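Down below are the structures I want you to see.
Here come two complexes built around chain A, the first alongside chain B, the second alongside chain C.
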Partner chain A sequence: MIMDLLLDAIIYGNLLSLLAVGLSLTLLTTKVANFAHGDFAAVGIYVAYTLSIIFNASPYLFLPASFVSGALLGLVIYRVVFDPLRERASLVTLMVVSMALDFILRYSIHICADVLQRSLRVFSRGIIFNDVSVNLLGLSVLGLFFISTVVTTIFLVLLYLFLFKTKVGVATRAVIENPALSEALGISVRRIYALSWMLSVAFACVAGVFLPFRITVNPDTGFSMLLSIFAAVTLGGLESLLGSVIGAYIIAFSETLGVYYLSQLGISTAYRPAISFATLTLVLLVYPRGIAGLWSKR
Partner chain B sequence: MDATFFLLDITVLYSVYMILSVSLDLEYGEAGLPNFAKAAFFALGAFSVGALSVRLGAFLLGVGIEGDFKLNSLRYVMAINQSISKDPLLGLTIFSMTLITAISVSSIAGVLASYPALRLREDYLGMLLIAFSETIRVIARNYEPLVGGTFGVGVVDFLAWARAPQREQLFLLISIILASLVWIVYYRLSTSPFGRALRAIRDNELATESLGRDVVKLRMKVMVLGSAMASVAGVIYAYYVGMVNPDDFTTSKTFLVTLMVIIGGRGNPLGAIAGPAVYLAFDRFIQFVKQRIILPFDPNYLSYIILGAILILIVNKRPGGLVPEKPTITLPGEIKRLLRRENYR
Partner chain C sequence: MEIMVVKCLSAGYESMRVINDVSFGVEEGEIFAVVGPNGSGKSTLLKALFGLAKVFSGQVFFNGHDITKLPSFKRIKCGLGYLAQTGNVFENLTVWENLLLAGYEYSGDHFDERLEAVLDFLPEIRSFMSRRVASLSGGERQMVALAMILLKTPTMLMFDEPTAALAPKIAASVFDRVVRLNEESGITVLLVEQNTRKALELAERALLLVSGSVRFYGSAEDLLNHKDLLSMYLGL
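Let's turn to the complex of A and B:
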């Protein structure tokens, strides 16, 4: 029982860390507290679902497709919505715009789901994916646990290598530190912003593909995860990528285990969001530097 | 008869949205506080009615509520409505008591919410308030003794003593009076030194503080006032619908109100009149068109997408909204006239 719980927490942590890293990336670069971030996961879900029905194959095979469509979506969103507002809109205005974006995306997915249901004659709400089991050193492991852990690790390592070992990555960090100075040094800030949006949305879409293996999903699922994502990023200190990864695992463990023990005490598991909310409030009010405050000198 | 109901529907919804817009305009437009927990303060008003109208009615009639509140509320509503139909005073007592409770509960919540408002960067504040609003809804949804959980709870008809057309006219009148009252309060505040101090805080907090304004106290006052206004809207809404359901108060409501404020124009009292009118006109138009066209999906989704796109367009093309904020000029009349003449030249 406790083993299942731990596995579940790790899977959820993998998901959440992919989402949280993306959210804090766009928060760092373009300063958007993005309320549409959960919906990107929903986009990933429906891309993988549609393709897996058309080609009649396991949704895992469409992780790359999901990644690419997420990157394209990120590019379009940055170019159309946030680029015109660059250096013009206040932080709150950007947040309101991201709420509008959430509306547009969420209900577009609803429309796609309706159309999907009619044209392909399949269910498009309350979906769940069939998992495969992986044989690992003679042990039969849940495919989701294995694949999501591997994929998340690869993505996070690649992101680290990108940010610290490549020229564009160094430029990205420079833009985060000081956009005006970087622009003066010949870095195209807009291109970096566009890149960070592409990465952010693509990561979220990949995370989305894992979701339906764990819970039944519908177009609103992404939005309902938003509170946990924000809690993870806040716990991580709001301005740190590593912090938000650690924050994501902490939130995932405390939600999974917390809900289990709450149900043991006879309290409804529907109070689950309260854990995220309490974390968010406490960190913001008591120690807003979060986990990153442990090593960051600023 | 049909026209009365149509008018009642439009007016009550407009009043509710206008009060909400006024309260958000005061906090966000004038003081620069993004109170994205608007749906929660709106809900507090409605929950006060939902939780109290039946219990209060039963208490005043000297009947104890037996059994499950969730399952029996509608039965008690019917019994209390019958008593109210003979005794108008009972209905008015219930109405005023719930209104007072709603205002005081949400004022206290406003004081609580103003505590983080003093120390956080504005976008983090907005984030925290949205999370707060969702948490309130989740608690109300699962804690059944409050407003019956997902099942919802019935609300007493405090005008049950009036006959059919008069009852609707009376309700219409009450909602118009409350909405105008709220708007006049806002207008008076906005054009007074208080409003100017708020806008000064929004534009430059440090400078305002250095000129001797107590930023902490002013922000707290605004939050309390805005929250109290939102709860009045909640009370009207609950009595109008005759039912309180926690799922009515999602963050989408907050978004809609923000949309109205931005369409209307932040920081201008006229904006709070224009915004809700534009939204309601759009909403009715969609309802009208919906019945006449056939789409392979739910047209409501399309209307939400259009609303989102409208907001992005307005922020880009006309950030001031329909009625942009005007710079405040507080000079003696003669100099003002001189300035105006200067402008014409």
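Let's turn to the complex of A and C:
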């Protein structure tokens, strides 16, 4: 039982880390505390679901399509919504705009779900994807465990290589630190911001493809994960991608194990969100600057 | 021939004017000093010349072109360089990464060529290329910032108090490099410096700025000999 829980926590940690890294990236670059971030996962869910029905194939095959769709959506959202506000809006305004974006996206996904249901005659809410199980040392392990772990690892390693080994990646880190100096050196800050939005939404869409393999989903699923994503990013220290990844796994483990032990004690599992915040509070009491404070000298 | 001409420039931040109706010209190949008491608007003047402060009125010409409304990166492309007092390097990046970004628009070969030329001028940098800038001393950071500007091949460089907070020995080496840049590379220098006497000794011509307005504009030697102005405004 405990092994099943740990495997589920790793799967949840994989999904949450993809989402948390994306949220962190746009927070670091464009300073947007994006309340619509969870909805991007829902976009990933419905892109993979629609394509898997049309082509009658496993949703795993549409991970690249979800990534590309997410990147395009990120570009459009940045160019249409946040770029025009770049030098005019305060941080609070940007946050409120992201809340409005959340409503627009969520209800657009609802409309798309309705269209999907009518046009293809399939269920578009309460979706769950079938997965294969592999017997490993007497333990039945979901294919999602292997695929999500491999994909998340590849994505995080590629993100690291991009940020530290490529010229554009170094420029991204420079823009995060000092956009004015970056601009003065001839780096197009707007392009870097657009790129960070593309990566952020693309990562969230990929996480979205994995979600229906684990839980029953609907157009509000992404939004319902928002608290956990923010908890992971805050736990990570708000200014560190690595911190966000570690924060995501801490939240994933505490939620998964916490819910199990709550149920063992006969307490409702509806307290699940409270577990994230209890963990967040405890860690911040010990490390007020979050996990990144452990290695950041500032 | 004047490489930079400033006509009736008034500039500042948001609605606050810091410099008023400032006019002067900088000759190609000279060292030009801007001196004045604290808060006289010297740094704001440089920021306005580089497009980092708001210009209310007036014009700035560089190599005969009106650059008053150009953004900073376009002024760099025109050949204007600016070494700010602070915030002139990326502290969380390594020295190598800072230099890479300074040559962001260059192709690989051109970048390598420029980098070699800059490192020949500032050879000390080779010894700390892989270190994070945050771990460097003030003098080393200034050297990195200078290298970043030199990578852009400027024809005129504006220094905003390049020796601020540096030990006297390191400050002397900074002055030495400023002179070498001017003499060996023919780069025109506009120098704002807290060490007024040293700046006036290095410069051919100078501008005395007081409360955002010009009090003196002419030969640096004349200003050095102007005991009343020096004692009244500069405490010398």
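Basically, the second predicted complex is superposed on the first by the 279 of 298 C-alpha atoms of A that agree within 3 Å, B and C clash if a C-alpha of one lies under 4 Å from a C-alpha of the other, contacts with A are read in each partner's own complex, and residues count from 1 in each chain.
One rule holds in what follows: contacts are C-beta pairs under 8 Å (C-beta built on N, C-alpha and C of every residue); 3 or more make two chains touch, one makes a residue touch a chain.
Bear in mind the structure is a predicted one, so any value in this text is a computation, not a measurement.
J.: When the two structures are overlaid on chain A, which partner does A:Ser182 contact: first (chain B), second (chain C), both, or neither?
T.: In the superposed model, A:Ser182 contacts chain C only, not chain B.
J.: Have a look at where A:Ala174 lands relative to chain B and chain C in the superposition and call it first, second, both or neither.
T.: second
J.: Output check: A:Val96 vs chain B and chain C. Expected answer is one of first, second, both, neither. What do you get?
T.: Once the two structures are laid over each other on A, A:Val96 reaches chain B alone.
J.: Using the touch definition from the top, say if A:Phe146 reaches chain B (first), chain C (second), both or neither.
T.: neither
J.: Compare chain B and chain C by how many residues of chain A each one touches, and report the one with more.
T.: B
J.: Of the partners chain B and chain C, which touch A:Phe253 in the superposed model: first, second, both, neither?
T.: In the superposed model, A:Phe253 contacts neither chain B nor chain C.
J.: For A:His110, decide between first (touching chain B), second (touching chain C), both and neither.
T.: first
J.: What residues on chain A does chain C touch that chain B touches too?
T.: Of chain A, no residue contacts chain B in one complex and chain C in the other.
J.: Going by the contact rule set out above, which residues of chain A touch chain C in the complex?
T.: Spelled out, the residues of chain A in touch with chain C are 167, 170-171, 173-174, 177-178, 180-187, 297.
J.: Going by the contact rule at the top, pick out the chain C residues touching chain A in the complex.
T.: 50, 52, 71-73, 76-77, 82, 87-93, 97, 100-102, 104-105, 134, 148, 152
J.: In the complex formed with chain B, which residues of chain A make contact?
T.: Interface residues on the chain A side: 31, 33, 35, 81, 84-85, 89-97, 99-104, 106-108, 110-111, 114-115, 118, 227, 230-231, 234, 238, 268, 270-271, 273-274, 276-277, 280-281, 284-285, 288.
J.: Going by the contact rule set out above, which residues of chain B touch chain A in the complex?
T.: Those in contact with chain A are residues 28, 32, 34, 115-116, 119-124, 126-128, 130-132, 134-135, 138-139, 141-142, 252, 255, 258-259, 262, 296-298, 301-302, 304-305, 307-309, 311-312, 315-316, 319.
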